[in-house]
Amino acid sequence: MPYDIVELMEEVEVKTGFLPNVFKAMSHRPAEFRAFFAYYNVIMNKETGRLSKADKELIIVATSAVNRCPYCVVAHGALHRIYSKQPTLADQVTVNWKLADLSSRDLAMLEFALAVCRAENITEEHFQKLEAHGFDREDAWDIAMIAAFFAMSNRIAHFVDLRPNREFYSMGRTPREAGRDHT
Amino acid sequence: MPYDIVELMEEVEVKTGFLPNVFKAMSHRPAEFRAFFAYYNVIMNKETGRLSKADKELIIVATSAVNRCPYCVVAHGALHRIYSKQPTLADQVTVNWKLADLSSRDLAMLEFALAVCRAENITEEHFQKLEAHGFDREDAWDIAMIAAFFAMSNRIAHFVDLRPNREFYSMGRTPREAGRDHT
Amino acid sequence: MPYDIVELMEEVEVKTGFLPNVFKAMSHRPAEFRAFFAYYNVIMNKETGRLSKADKELIIVATSAVNRCPYCVVAHGALHRIYSKQPTLADQVTVNWKLADLSSRDLAMLEFALAVCRAENITEEHFQKLEAHGFDREDAWDIAMIAAFFAMSNRIAHFVDLRPNREFYSMGRTPREAGRDHT
Amino acid sequence: MPYDIVELMEEVEVKTGFLPNVFKAMSHRPAEFRAFFAYYNVIMNKETGRLSKADKELIIVATSAVNRCPYCVVAHGALHRIYSKQPTLADQVTVNWKLADLSSRDLAMLEFALAVCRAENITEEHFQKLEAHGFDREDAWDIAMIAAFFAMSNRIAHFVDLRPNREFYSMGRTPREAGRDHT
Amino acid sequence: MPYDIVELMEEVEVKTGFLPNVFKAMSHRPAEFRAFFAYYNVIMNKETGRLSKADKELIIVATSAVNRCPYCVVAHGALHRIYSKQPTLADQVTVNWKLADLSSRDLAMLEFALAVCRAENITEEHFQKLEAHGFDREDAWDIAMIAAFFAMSNRIAHFVDLRPNREFYSMGRTPREAGRDHT
Amino acid sequence: MPYDIVELMEEVEVKTGFLPNVFKAMSHRPAEFRAFFAYYNVIMNKETGRLSKADKELIIVATSAVNRCPYCVVAHGALHRIYSKQPTLADQVTVNWKLADLSSRDLAMLEFALAVCRAENITEEHFQKLEAHGFDREDAWDIAMIAAFFAMSNRIAHFVDLRPNREFYSMGRTPREAGRDHT
């Protein structure tokens, strides 16, 4: 395995406390590993715009549930609990996003993400609904790119039969974990 | 627009004879442009394995037809005609891949690509069907990654309302074009 | 084969330059051949009403794409290019009619044709949408009968495994063909 | 209304005891009326092959139930009761053909008819299943044409909002009617 | 078989003139038999609210048709004919409830019942539509409970392969039966 | 509220540590409350047969996930964790039961439960698959009744907008809880 990839994985393991299985799975193809995570970082670590870290994770949970991807739902559900400090929302969104305890702004965000996830035609009507909740065209782009990137990731996960690390299931469920930093 | 992106687009335009609309659309976000095309190149220009250039384009046509993406079906249909020197297969696959004039090997390749495209669980049975037609696990990975990458691309295309350049529709339909090089 | 059918097929071959495969396939049952083409002519060669020859072909392309019928999509796509002198619309409608470069009138026409194609209940609301684009009840009848007739034709084509003649794929794609008469 | 159509309708009314609503609805367009019933007669009154009159009606009931066509289900359900002298089968097929009290031969016939009805690709496997129950290629053609013709008829019925005559609902339900001739 | 169950079945047989097959099927598990019919009676024999006996049977027919349950469609279709004295409505609802000869009140009732039947999220909009036709929250509860109970019953019927008694098919189809009491 | 219902709810609250929301919701209709829980107890507390308490809860989680019922998935997921002492299985089954870490016996059990849940026709083939994993006809009945009962419960939950108590989300996730008794 190329040294840069070994190094990156060690870094992640130190920071997170364990190595998320996606890193090991993707390391089978070093060039694709680099391209995948470079793209992931561009989209997920973009610092401008109205999407919080928790918003981004919620989009991933909602769209990955449609694609029935255990890794993405469980791992990003854990990250959502950490970032949002809300221990139950990700589980609710996994079962039925429309019945989750979400603001109308968050529902509009997920409704748009799911239209992208389902490869629907995106029309002016979609943008107007987003705008009614304060999301401009750049925010729409951000939501769409996360939904599109995870449309890819969910399918890769199915191909490599990616399973969630045991740690993810319980992460962020209790108050004392709320302040801990996971990335 | 950053100079590296301008330069890359000029290069493409010179080589292809026109600038495919996807470049212009993605240039709105330079960092994403670079990540998207870097990833694309890693997957599509990989030179090892059993997938020919024409095979890769056929996978894109078949999966993009499921997602009803006009840009990807028309542009990659054109590339398929150029690479395969077969002027009618892409149109057949667009309407109904199972009724296209394909070898059983090509049908197995598309059947697997479409399982990935539809976010199905991928099982040993899938790999065995591929192996019966000479595709090993690395080839399966190649097919899956193209299907997964275009699951993302089709959704991005819907978001930016990407339309095919007029040139793509007629490209590669007549014998004299068969020898011409497009990449 | 009865003489009237032989004669009709020779006539078509002279006029079109080749014998479309549908004639050969249907000639297996002479009585059904006569009934099928008699009905086809009544609907398709009706000269009153607001549907142009190109409109009728576009309805066939859009509805046959839903039924994934290669013969009808490719053959009637060719006829649409000939009649409309627009070389790209049929390909667009084949992939995703809602994203084709169509007037709102043409979109309303196809939306109604697809409701009939999908065997939906037809209600006053459907007629009102058509009327808003200038189509009266008789035009609605014309659209519905084409969609219904090709609901039948597409299924017959699947049964006889009807494949498009090679000539159809490239017909009407270049300007010089635009003036040529095909029926 | 042209005299030939008036005459035909009077003849039907005398023979059946009432005028089935489909005649009145189609008479709005005399040329289409003639073409529709001419085609219907070629398919339904064909005397060769292994399909009984009751078989043909059962195919219509099963496929029209998929298309949710009240006229065709109720009217041809009545004709099935008359021809088969079995008062309950059509009702069973309307709800769930797989649970109807049918022979394996009849189930194979309906399974094939429904594949055509759903515009599925028809393959060698379909023909082999039919052959296992004694149906040859000509019988397959007969089944397919009835399913295809009623794919059209069901959609026309939805367009003209065709409703069953009251007489059809109770026809053939009691023993004394069993011997009566309806066509 | 416990005596209370034998007794109840004898009582039903005397009253109805035959023993509906559901009783025999459920008697295989006496404790479940008692619980099932006790629950059934609470819901179906509730005497308050705006649902008539015929309304309740129509809800069962419409929802059981979605679940393709022959027993429930045929048996409760018969009960609907008896209670409503309308010999054709149940058959219409079985094929296509939206095209049945129903008042807008009855259509609203069935639309809501089918939303419950399909396990849709139930929202304020559903209640408002019902209220526009005179159904309050308690009536909505009654409709929902019948739809939910038969979501269970239809699945039990599929499991035990429950078939309608021959008597149900013809019951209530002729005027003289209209006044007869069946429960 | 009738005293027997108040008393039962107090008993449950003492035993469980909180009152699950389903009790409060159903108490709106005392007679239905009694019938619902009586039937629930007959099915869920039946002591014979091969289904463990954990098996029964897993069937509820898998089928309620199909119906997207937050209450049933979350509450019975908690009960599954308690009974099985496996903290991650219910979450896995919620997202994608086929990818959960289950024995082939448990997969066969869920496959059958989901066939019932989806109102499929149940055939000899279903029973044979169960028998191959040691489940006899009585076990099949038990699985089917749970799936059918929760087909009803999920729909009732959607109607009353039932939401999981906060306690359920974290119950049984940590080792020390494993030994605690919840019913």
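Letters are used for the chains, namely A, B, C, D, E and F, taken in the order the chains are written, and counting of residues starts over at 1 for each.
As a working rule, a residue touches a chain if its C-beta (ideal position, glycine included) is under 8 Å from a C-beta of that chain, and two chains touch if they have at least 3 such contacts.
Which protein is which chain? UniProt says A, B, C, D, E, F = Carboxymuconolactone decarboxylase-like domain-containing protein.
Remember, it's a predicted structure, so these values are computed and weren't measured experimentally.
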### Task
Please identify each chain that touches chain B as well as chain F.
A, D
### C-alpha-based rotation, chain A on chain E, 0 to 180 degrees, nearest 5
120
### Message
Please identify which of A-C, B-F or A-B repeats the interface of E-F; the criterion is that more than half of the contact pairs agree.
### Response
A-B
### Query
Between chain F and chain A, is it the same set of residue numbers doing the touching on each side, over half shared, or a different set?
same
### Query
What chain lies farthest away from chain B once each centre is taken as the mean of the Cα atoms?
E
### Summary
Cα centroid separation, chain D vs chain E, in Å, comes to 30
### Summary
Between the Cα centroids of chain C and chain F the separation in whole angstrom comes to 53
### Task
Compute the distance, rounded to whole Å, between the mean C-alpha positions of chain C and chain D.
26
### Message
Show the residues in chain E shared as contacts by 2 or more other chains, in ascending order.
### Response
68-69, 96, 99, 121, 161
### Query
According to the definition of touch, which chains form touching pairs?
A-B, A-C, A-E, A-F, B-C, B-D, B-F, C-D, C-E, D-E, D-F, E-F
### Summary
Listed in rising order, chain A residues that touch chain C in their complex are 121
### Message
Residue numbers of chain D touching chain F in their complex, please.
### Response
96, 98-99
### Task
Sort out for me which residues of chain B touch chain A in the complex.
28-29, 31-32, 34-36, 38-39, 42-43, 46, 67-69, 116-117, 119-122, 140-141, 144-145, 147-149, 151-156, 158-159, 161
### Query
For chain C, which residues are in contact with chain B within the complex?
65, 68-70, 73-74, 87-88, 91-92, 94-96, 99-101, 161, 163-164, 166, 169-170, 173-174
